[in-house]
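Structure provided below as structure tokens; questions to follow.
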Amino acid sequence: MTITPGHWLALSAALFTIGLIGVLVRRNLIIIFMAIELMLNAGNIALVTFSNLHQQVSGQVFALFVIAVAAAEAAVGLGIVLALYRNKETVNIDEITVMRW
Amino acid sequence: MTTNRDTATSAFDTDELVINMGPQHPSTHGVLRLVLRLDGERVIDMDVVIGYLHRGVEKLTEQRDYTQIVLLTDRMDYVAAASNNLGYVETVEKLMSLEVPKRAQYIRTVLAELQRIASHLVWLGTHAMDIGAVTVFLYCLRERELVLDLFEEYCGARLTYNAMRVGGLPMDLSTGWEAKVRAFCDLLPGKIDDYETLLTNNRIWLERTKDVGVISGADATAIGLTGPALRASGVRRDVRKDEPYAAYKDFDFEVPLGTRGDTYDRYTVRLIEMRQSVRIVQQALDGMPDGPVMGKVPRLIKPPAGETYHAIESPKGELGYFIVSDGQSLSPYRLRVRPPSLCNLQALPQLARGHLVADVVALIGTIDIVLGEVDR
Amino acid sequence: MGTAIAFYILAALILTGGVLVITAKSAVHSVVWLVGTIIAIAALYVVQHAEFLAVIQVLVYAGGIVVLYLFVVMLVNLKRPAEAIVHPQRRERTGLLLGGALLAQFAAVAFYAFNSPQVGTAATYSARGNVEAVARALYVEYLVPFEVASVLLLVAMVGAIVLARRDA
Amino acid sequence: MADPTPAAPRPAPAAEKKVAAPTGPPDPPPPDDLARPAYLEPLTAALPGAIVHTSYWVGDWTLITTSEHWVAVLTWLRDDPRAAFDACADLTAVDWPAREQRFDIVITLYATTRRERVRVKIRVADQQAAPTACGVWPSANWLEREVFDMYGIPFAGHPDLRRLLMPDEWQGHPQRKDYPLEGPGELVLEAPDDWIAMPELRRGVEIE
Amino acid sequence: MIDMVVIPVFKMLVVITAVLSAVAYMVLLERKVQAWVQVRLGPMRVGPHGVLQPIADVLKLITKEDVRPASADRFLFTLAPILVVVPALIVFAVVPFGTSTTMFGKEISLYITDLDIGLLYIVSVASIGLYGLILGGWASNSKYPLLSSLRASAQIVSYEVAVTMTLVSLIVTAGSLSLVEIVKAQEAHGVWYVFIQPVAFVIFVIGALAETNRAPFDLPEAEQELVGGFHTEYSGMRFALFFLAEYTNMIVVSAVGVTMFLGGWLAPFSSVSWLAWLGLVPGWVWFSLKTFLLLSLFLWIRATLPRYRYDQLMRLGWKVLIPLALVNLAVSAVLKVLL
């Protein structure tokens, strides 16, 4: 049976939800970052699906830009995690409640 | 050294990391243990732990008579046994003010210089292998085999020669030995050129040795460095020239001096020294007088009461013997050996501070220590 | 027919990988599962004829970003497990409920709007292959965003270095 | 070619003829006609009473001083341009148990520029702290640690006085003349349970 | 059905066996070459002149007990070697050994697939191999392998940038990403790219040496410092995989080097008329000959050069190779436009 765009979007939505649950449930900051990566990938899948649907390549170009943004976000985010860990010896999000450390 | 999961990662915390290099480590030239305090890769401080090969040579000498002690001296710096014998035997002769026949002095000089070449070959081989040039190690040992064959033909042993006695030599040269030594002397300079082509202007070798372990002349003298390590810092100090012993005053040879006192200078100084040793051996063979090889020595060696210190230039540096005799017993009252390897090793922490772990490996090689002599 | 099989296998892989990423006990395990998921997604792009994107995904994402994660996870592995402290106001169950509700809504919208059998997903818009098409678009129509993205990456690099520098 | 017969086997030390235990090297005074080294005059002038005795034998000059003047003499020998002993070749000790001030501490100095050697000696009693020469030459550091390890002479002011060669928890100082040459003896360890009793045995045999 | 399934599987089998036997004999060749350089004989005992030595090695490694440290992470400890070997092997899918030949009546192309993103595929698969190293060091849970695995990965990441830049500058001259097209372009140009892009070739070889942890850059396994590098805790079959991966990587890198720079299966001096008979020799013979040439360069370098220190290695990578590669890329782009 042929694969309709609906299947791709369902997959993308499922992946997005898994990422969301990861962000909400887990307390380790790095696992939360990874969950965000999952959500970004879900977005990418949707983008590529629409690009195929509308016969335009711009969807894939956008997916490229999303990967670029994800890279930037990961670099700076992990930089913050490192600085945080060095000062507070923890990456548990529940313990990081004070704006200033 | 496995630590549990958490401390393994804490290896990355910004505080210092203490690691043990040795006593069982491929590049510590024997049972030397270095406790390194590192900040990342950089060495902050180093504690040298020795004594793993301590056999109490100085205590043993008090139970043996003067001829049996020659055996003990072989086993201290097992890479340069002939120099140890020469140092000990000459000190006893100085104690008893014995006259050693000219021929014996010439042969002793030849043996000492051949031993210097062999010791420098071992040094170059292991030093280059530590820095990664494995081929040089094989080449050096091939040449060293020729020197060992010469020694084996003269005194029957390849490592612990026991080739000298108080007052002279136990046996004269066998026929044809001198021709073999001349052949070796013609061969060696060519081989040293081979090593030079492999290493001297090899960019990676330069980068690993230039400006690594720099020490000034004054600091080197103060910390007790002697031999090629001191001469590389520009200090003109060679016992063969300053206090000529055996037959050295009859030969002319240059003493190479370094300028910056880094690992590269110590490398070049030792290579030139090998070439000079070949010149000395050739001069000695040309001027070899005839005559007896053993002076007039009483059957029971019993030196008069008194004490003396006599030093020779072993391949590692100034090797001195301080012998106290009480004039009554057949064995020395006290025999103290001034080991160049121990005194050179004392400079290691100062040399290594601020360098990386990979440099420590090169620095151990450049001060050329043998643990048998360090621990005695 | 081939794409259907590939789709279902890869979808299964991606979803299980995703779930394992957020449920793995040790952080390093979850990083490994993340790599698996990303490579599966790259395979998915190949199925959707977006080869260039697939290769970039593997090269940049799996080969670069997730390596960064692995380094940081190894660097920051705590002496005590990360999840030891639980914040009193934490409501896990509501988190799950919200997630489920969101999923249901997505599924409804997706099936309702796109279930009509439109044209298949074979992208045959340019003969010279996907890479040429993406390159042409990237450097012609989207040149400005491309430059902005490079500036963004530069800023991120500087930021990361400043933050992670030891004596910062 | 005179093939010297190997030295006669050591005579059995059975009847060691009773001789007074040696109390120190003779240190003969220098013959009058021999030229004194250049630094000797200024040294005795600069530090009056520091040099107790000067000796010359088989070509070696020896100065004997006291532990009070030890550091002063060494510093002068290093700093004075006429002496310029910039290298401390060796520092060791000799044990004369018969003597009240039991240990001789002997330092051998060398002047690199003037190519000259001198030996300086002091006498130290057991457990009496000797002044450290590390301040004057850093190379004395390990040499003094070895003397402490082998003879048990503590050096006052030494930056890091630990055993150099023997393991840190070693009891006794092996180079002393009265250090027992055998342990409690292998004969005792015939039966295995002796092995268990070993600690008491060792405590029984007092190794100071 | 035949074309889709049977032929590719057959090709894969041929390539895999060819590569594995090449790796086995590469190990023997390395020990022999190093021995001859060092005036000794090398393995002589197993078979005449040690010819059967590789088989002996393989048997030894298989039968040797496979020890795993107690505190090691079970799952990662087994995953790491696989993550190193698989990327090394699947790169061969894209490498063209020759054009096409007719075997038992059917037109068969001498490469498994011709991806139009071939080169990118190679680079991305190579970056996956990095995980095996890091996880290998981390899983054995002891200080030394951990340090050396991080050193290895930092080294690979920094040299990967330089190598990719050189490959990009080649794509600019060749005009296509697919390896088959690149070789055809070299045939069209009539000259091998090593002469057009000498700088890129030099950087590629240095980068390749560093990326496979070989010769002057074999820091992570430097026995003198980190006592065995990241596979200290491995033994038996797992160690064999690491070992296999290292040599396969070497073959991969030289194969790619040959395809890109030395005109894959092209016969040399094709333009010189009286040497035209060289063309009769089949393409894949030339390809393996050139790969062998590049491999022996690796072995020869390992036998002679000493080792770089870690910070010098990184400085060389970042401050010398990458800028040079970028300049080369710019220059080749400008030339491409002008010519």
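Structure notes:
Just so it is clear, A, B, C, D and E label the chains in written order, and each chain counts residues from 1 on its own.
In this text, contacts are C-beta pairs under 8 Å (C-beta built on N, C-alpha and C of every residue); 3 or more make two chains touch, one makes a residue touch a chain.
What you see is a predicted model, and the numbers here were worked out from it, not measured in a lab.
For the remaining chains, with subunit C not counted, the touching-connected groups are A | B, D, E. Contact analysis places A-C first among chain pairs (by count of C-beta pairs in contact). Taking each chain's centre as the mean of its C-alpha atoms, subunit A lies 6 Å from subunit C.
In terms of their C-alpha centroids, the spacing between subunit B and subunit C amounts to 63 Å.
Subunit C and subunit E, compared by their mean Cα positions, are separated by 30 Å. The set of subunit E residues that touch two or more partner chains comprises 146.
In subunit A, the positions touching at least two other chains are 86. Subunit B has residues 5, 9, 14 in contact with two or more other chains.
On the side of subunit B, the complex with subunit D involves touching residues 50-51, 54, 56, 58-59, 63, 65-67, 94-95, 97, 165, 170-172, 218, 221-224, 226, 235-237, 242-243, 292-294, 297, 299-301, 305-309, 311, 318, 320, 322, 324, 326-328, 330, 333-334, 336, 338, 342-343, 346, 375-376. By the touch rule above, subunit A contacts subunit C in their complex via residues 1-11, 13-22, 24-28, 30-31, 33-35, 37-38, 41, 44-45, 48-49, 51-53, 55-58, 60-61, 63-65, 67-76, 78-83, 85-86, 89-92, 94-95, 97. Residues 1-8, 10-11, 19, 22, 25-28, 57-60, 86-90, 92, 94-95, 106, 108, 110, 112, 115, 117, 119, 137-139, 141-142, 150, 163-167, 174-175, 179, 181 of subunit D are the ones touching subunit B in the complex.
Considering their complex, residues 34, 37-40, 69, 71, 141-144, 146-147, 216, 218, 222-225, 227, 303-312 of subunit E touch subunit B. Across the interface of their complex, subunit A is touched by residues 3-4, 7, 11, 14-15, 18-19, 21-22, 27, 30-31, 34, 37-38, 41, 44-45, 48-50, 52-53, 56-57, 60-61, 64-66, 68-69, 72-73, 75-76, 78, 82-87, 90, 92, 95-96, 98-100, 102-103, 106-107, 110-111, 113-115, 117-123, 125-126, 130, 133-134, 136-138, 141-142, 145-146, 149, 152-153, 155-157, 159-164, 166, 168 of subunit C.
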